[in-house]
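Both complexes shown next keep chain A, but they swap its partner, so chain B is in the first and chain C is in the second.
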Partner chain A sequence: MKNVMSNKIVIALYVLPALFLVLFLIYIPIVLTGYYGLMDWDGVGQMKFIGLENYKKLIHDKLFWKSTWHSVLLALFSVLSLVGYLIVSLVLASKIKGANIFRKIYIIPMLMSSVAIAQLWVKIFDPMNGLINSVLTMLGMKNTPLWLADPNMALYAIFVPIVWQYAGFYIIIIYAALINVPQELIEAARIDGANAFQIAYKIKVPLISGVLKVLIILAVVGSLKYFDLIYVMTGGGPGDATEVIASYMYKEAFGKFNFGYGSAIGFGLLIISMGTTWIIQKLLNTNK
Partner chain B sequence: MKKKALSYLVLLTLVIGLALSGCSSSDKSASEGKSGDGKIHLKFMHDWPKGSSTAYYSLVDEIIKDYEAKNPNVVIDVEVLNPDQYRDKLKVLAASNELPDVGLTWSNGFAEPYATGGQFAPLDDIIEKEFKDQFVPGTVESYSFNGKSYALPMEMNITYIFYNKEIFKKYNLEVPKTFEDLKKIGKTLIKNGVIPATVGSKDGWPASMWFMYLADRIGGPTILTDVIKGKVKMSDPAIVKAAKEIQNLVDMGFFVKGNTAFSNDDAKGYFLNEKAAMFLTATWELPNFTTSPDVPQEFKEKVGYFKFPIYEGGKGTDINSYVGGPGLGAFVAENSKHKEQAKDFAAYLVKEWGKRSVEEAGILPATKVNTEGLNVPKMYLDVLNDINNATNITTWFDTQASPNVSELHHDLITALFGKQITPEEFAKQHDEALAEEAKKNKQP
Partner chain C sequence: MKGQIRSTSDHRSPLRRIGMGILYFILVIVALVQLYPLVWLFQLSLKTNQEVFGMSPFALPKSPRWENYINAWFDGGINHYFFNSVWYTVVAVLLTLILASFVTFALTRMEWKLKGIVLALFMVAYMIPVHSTLIPLFNIYNKINLINNPISIILSYTTFNLPITIMILLGFYQSLPREIEEAAIMDGCSIHRIFFQITLPMTAPVLSTTAIINMIYNWNEFVFVNTFISSEKWKTITVGVNNFIGQYLTDWGAIGATLVISVLPILIVYLFLSDRIIEGLVAGSVKG
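Entry: the complex of A and B
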């Protein structure tokens, strides 16, 4: 076995299938997307080379920057909600009664498909018969909000199910990291007279900071390229009130047959995502 | 322990391997159009799911079974999708050159890139051979580009305001003759806590029908077609006025609250549940109001329709001018492996469709229908007569427009109903897109 593994050719051979998959499914399409961005192409007919025209248009496209702003807001929202998840996980990991059941409850949304979640929340937000407005009406409120139909509110309304959807995912990861914190450290702190809050803040959180950093990046990048609930629930509407980069890209490419411009948006999204990741990494490292 | 883990791992790899090889082999057979049984497999895609378009689904299903019975060597593989998903999937399939052998397409702007991009096969030969003088005039032309026809039209729809007769009676309301009457009806209904009209403006197109009719009534029946042709600008005062009237209705509370988040189906629910009194939609809904077993009989008896009222002082003075158009038509993929068989199936489908659709499914076909001795609900006879007496049928603006403009139009309509833009901006953004389009078309 050792002999086999030290043979460079064999190693290369074993890596090859995975390498091919990654190349053909990820890297080559990325390069192609950038290339299609140079074209005027309706997705069906002939491509026409137009140089950097699409990218120039992108920089001056108000709607693109508006949807970028929406994506950035979502990213901020997701990162803030990490604090909530951290608190929930700390409580769950401190061996309270029923922690096991709660953990399972938080996981459930993650097991549902995005479309099911979207349908569920569309019904909850329904301005006439929805759960929220029915309760509000029962409490005597007149002029109940329109939620998804109100351009000023739709974006924030839609953040709620998005955050809810991923809660289980983040909680389970933080929880797993927390129960791996060495018990001796916590005991030692307790002997030194630290209270539960101090133990959490001074010992547990610093020890899992690596995991938290990864989660922040995951949350930010996931939010920037977020698509599914928005597509199903509002389709980016009303108007462009909930348009995010990915839904805008989809609309241009598949709605308007502008595959060239759609590709340019996709490439822009890639650059924005990479840039943000890089900045976050820099920021988190200097904090250390 | 380690050993056990290893054996699990081996098992897992085996299972995954099996699953993957299973996938690849089935993919292969599908793409070759022939599988182990030696029969010709034709792929057919339509957008009439069993749940939401029962009558259509059953009729197509029946015709397919008959065809398979007549041609034992052919198997039709059917894929059914919701209309919105169908539109998207067709684009994706076209981009990868994998259109189904036979499928359905909308007319004009939707079909154009496929037809001129060489994805659809020209069907002039079978139209000449099998359908001479069979189609309602003007329908085939909606699928024709550069002198060739690329689909066999299956539907002909016009648009009416359907209304709940019982609600109208309860509040002593009469069918409106003018737009002012319609507004008055709205006011009475609002006072009594009834939603005057339901509309799914999230999708854009259902809401656009209100706009198209108002433009027709205010600016005359040809105005929107002229916009597409570039003869008239969207910022024409008549069109801006139409957009303004829409917003007046919105301000009044004429439309169901929160409609900018409703799809057409969501909106339809308000009419079917008798929460809204009116619903502007096309005749493809007729089965739901007459024959469909899924809708309670008591409700069906309450449904009536009226023509979109006249706008006082407007140029469109003829109430027999409709907004409508051919809906779906059957296309054959240019690179189908069994093109002749596919053409044969498409022809059979459309022919049988024309024969059976009105009586069996309550659908108005694009082929001519002989109303004599037809055993159908009265509403159908009325509609068929209306079509015969129509002075003008303006094809839906979003159908006539290119996909680019059409998509923008849908977004702008949603924004108009949500009061996110003014009528002037609404017109301006259309004009900009149309101008860009015209520039692009001149270049090559």
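Entry: the complex of A and C
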């Protein structure tokens, strides 16, 4: 019996196809990104080795740090909005009739592509005929905001469809964790005279802290990698008001054909997102 | 509900009723925020420009312009992008499921030394940001003449979905009883027969969950197609819709119609399989 299940040829046959794909299309490219970062290269012609020049440039590149700051801001907003999702989930999980239907409605935007969401919200934010400004005009507002066209507002405006897209996703996950909290604990607390807020804050939330930690990591790492929606909605503009790490990399590589420098940015993105994941994991574990 | 014993004495008190009212109010507001943009989009898709620009955003179109859909589908070439998306999605989902099942079977049922390392490789691959691999991937595909070739898209979809699919399958495989498989080995069944005729059919529920999740990811994917495909012939609906909107900036009705077409297939699937999809989204996030 052992022989059958340790047949090396079968194991190779089952594991290698997937392993090769992951090695050749994920791991080797990751190493190559770091390597291309050492080159002066337009993507077509000869590569020219220039040592750490691109990385030095990256460290002093104000636009790179500005993009990183925007990505970090999005990550902060995403983590803060988890509080709102938690509140809605607590409401949903408090034996509400129709909770299942609410849950199913909330998730719908998550099923759409970021491109479709971006195009829809470009129209909603349209300064002249968009949904929001039409309503504001009807309410009598004279100088309606420019939203995506206003450099001081664009990044915040972009966060609205991000919340819209992901709210349902976070809510169903928190909700799923909440309804698995043992009912006896809640009943016991209630008999001891705890009110609904105390039960939520002192019993339910601590009991689902494991899930909340995973969601914090998801929110941060997801935000740092954010691309599609911003690329379609503003292309990083107006000016560089909504540029994020991934969109900056994309512009340098596939817009300006600075493949060498683009790779250095891509490597920076890798370091930043893996590093952040690691740091958050450390922080959350020691707090336990 | 009536016969149930309640530990709270003030269950039907007016205060509690008001409390419930507020909770429902919150839930309904969130539901409206999540749904209304889509209702607005659907109305938009049936309007003329005069109706969009001159009238209240809440006004219904006088006579619904279904022509918007016909124009987008045929003249806008959306039909062509649509079918590309369908077959890329189907092929990539099938490839991912079969390769991931092979790996998971080998990881949970067979005896070999490098298990731990291989599993770690798949897990870590899940955390690597796609954008950090993009420039080298472009270069690799370019060297082997797969730029502007659907194979590059299908390979990318398959590979980048493997880690999450394997993670979801692992949980299911580990909880699956092994008696039938062990009995089959005793009877002298070959491994391939055990895998294809016993294990694979038993994992049908989790396969359908992962298939749906993969389908949504692939259908909505943007950056691979936008980067590796420039010929109209091979573009998918996400990228096609984005280009179409770039060209017909001023025709809001047509834009609305193309967006509705692009999100409709997933919404229809959701209508029938919402529980499966929610289950998959929860599994896919927390396992990671």
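Just so it is clear, the second predicted complex is superposed on the first by the 269 of 288 C-alpha atoms of A that agree within 3 Å, B and C clash if a C-alpha of one lies under 4 Å from a C-alpha of the other, contacts with A are read in each partner's own complex, and residues count from 1 in each chain.
The definition used in the following text is that a residue touches a chain if its C-beta (ideal position, glycine included) is under 8 Å from a C-beta of that chain, and two chains touch if they have at least 3 such contacts.
No experiment lies behind these values; they were computed from the predicted model shown.
Aligning the shared chain A places chain B and chain C in steric conflict.
By the touch criterion defined above, A:Met141 reaches neither chain B nor chain C.
After overlaying the two complexes on the shared chain, residue contacts for A:Ile59 are found with neither chain B nor chain C. In the superposed model, C is the one of chain B and chain C that contacts more residues of chain A. When the two structures are aligned on the shared chain, A:Phe259 is found in touch with chain B and with chain C. When the two structures are aligned on the shared chain, A:Leu80 is found in touch with neither chain B nor chain C. In the superposition on chain A, A:Leu218 makes contact with chain C only, while chain B stays out of contact range.
After overlaying the two complexes on the shared chain, residue contacts for A:Gly43 are found with chain B and with chain C alike.
Comparing 19-27, 37-45, 181-189 or 199-207 from chain C against chain B in the aligned model shows that the clashing stretch is 199-207. Note: residues 43, 128, 254, 259 of chain A belong to the chain B contact set and to the chain C contact set alike, using the contact criterion stated above.
The touching residues of chain B, when paired with chain A in their complex, are 88, 91-92, 94-95, 113-114, 116-119, 201-203, 256-262, 270, 275, 402-404, 407-408, 411-412, 414-415, 417-418, 420-421, 444. Residues 7-8, 19, 23-24, 26-27, 30-31, 33-35, 37-38, 40-41, 44, 52-53, 56-57, 99-100, 102-103, 105-107, 109-112, 118, 121-122, 125, 127-140, 155-156, 158-160, 162-163, 166, 182, 185-186, 190-192, 195, 216, 219-223, 227, 238-239, 241-242, 245, 252, 255-256, 259, 262-263, 266-267, 270, 274, 277-278, 281-282, 285-286, 288 of chain C touch chain A in their complex.
Remark: chain A residues 42-45, 48, 122, 125-128, 146-151, 154, 233-241, 251, 254-259 touch chain B in the complex. Against chain C, in their complex, chain A makes its touches with residues 1-2, 4-8, 10-11, 13-15, 17-19, 21-30, 32-33, 36, 43, 88, 91-92, 94, 96, 102-116, 119-121, 123-124, 128-129, 131, 134-135, 138, 164, 167-169, 172-173, 176, 187, 190-191, 196, 211, 214-215, 218, 221, 224-225, 227-228, 232, 245-246, 249-250, 253-254, 259, 262-263, 266-267, 269-270, 273-274, 277.
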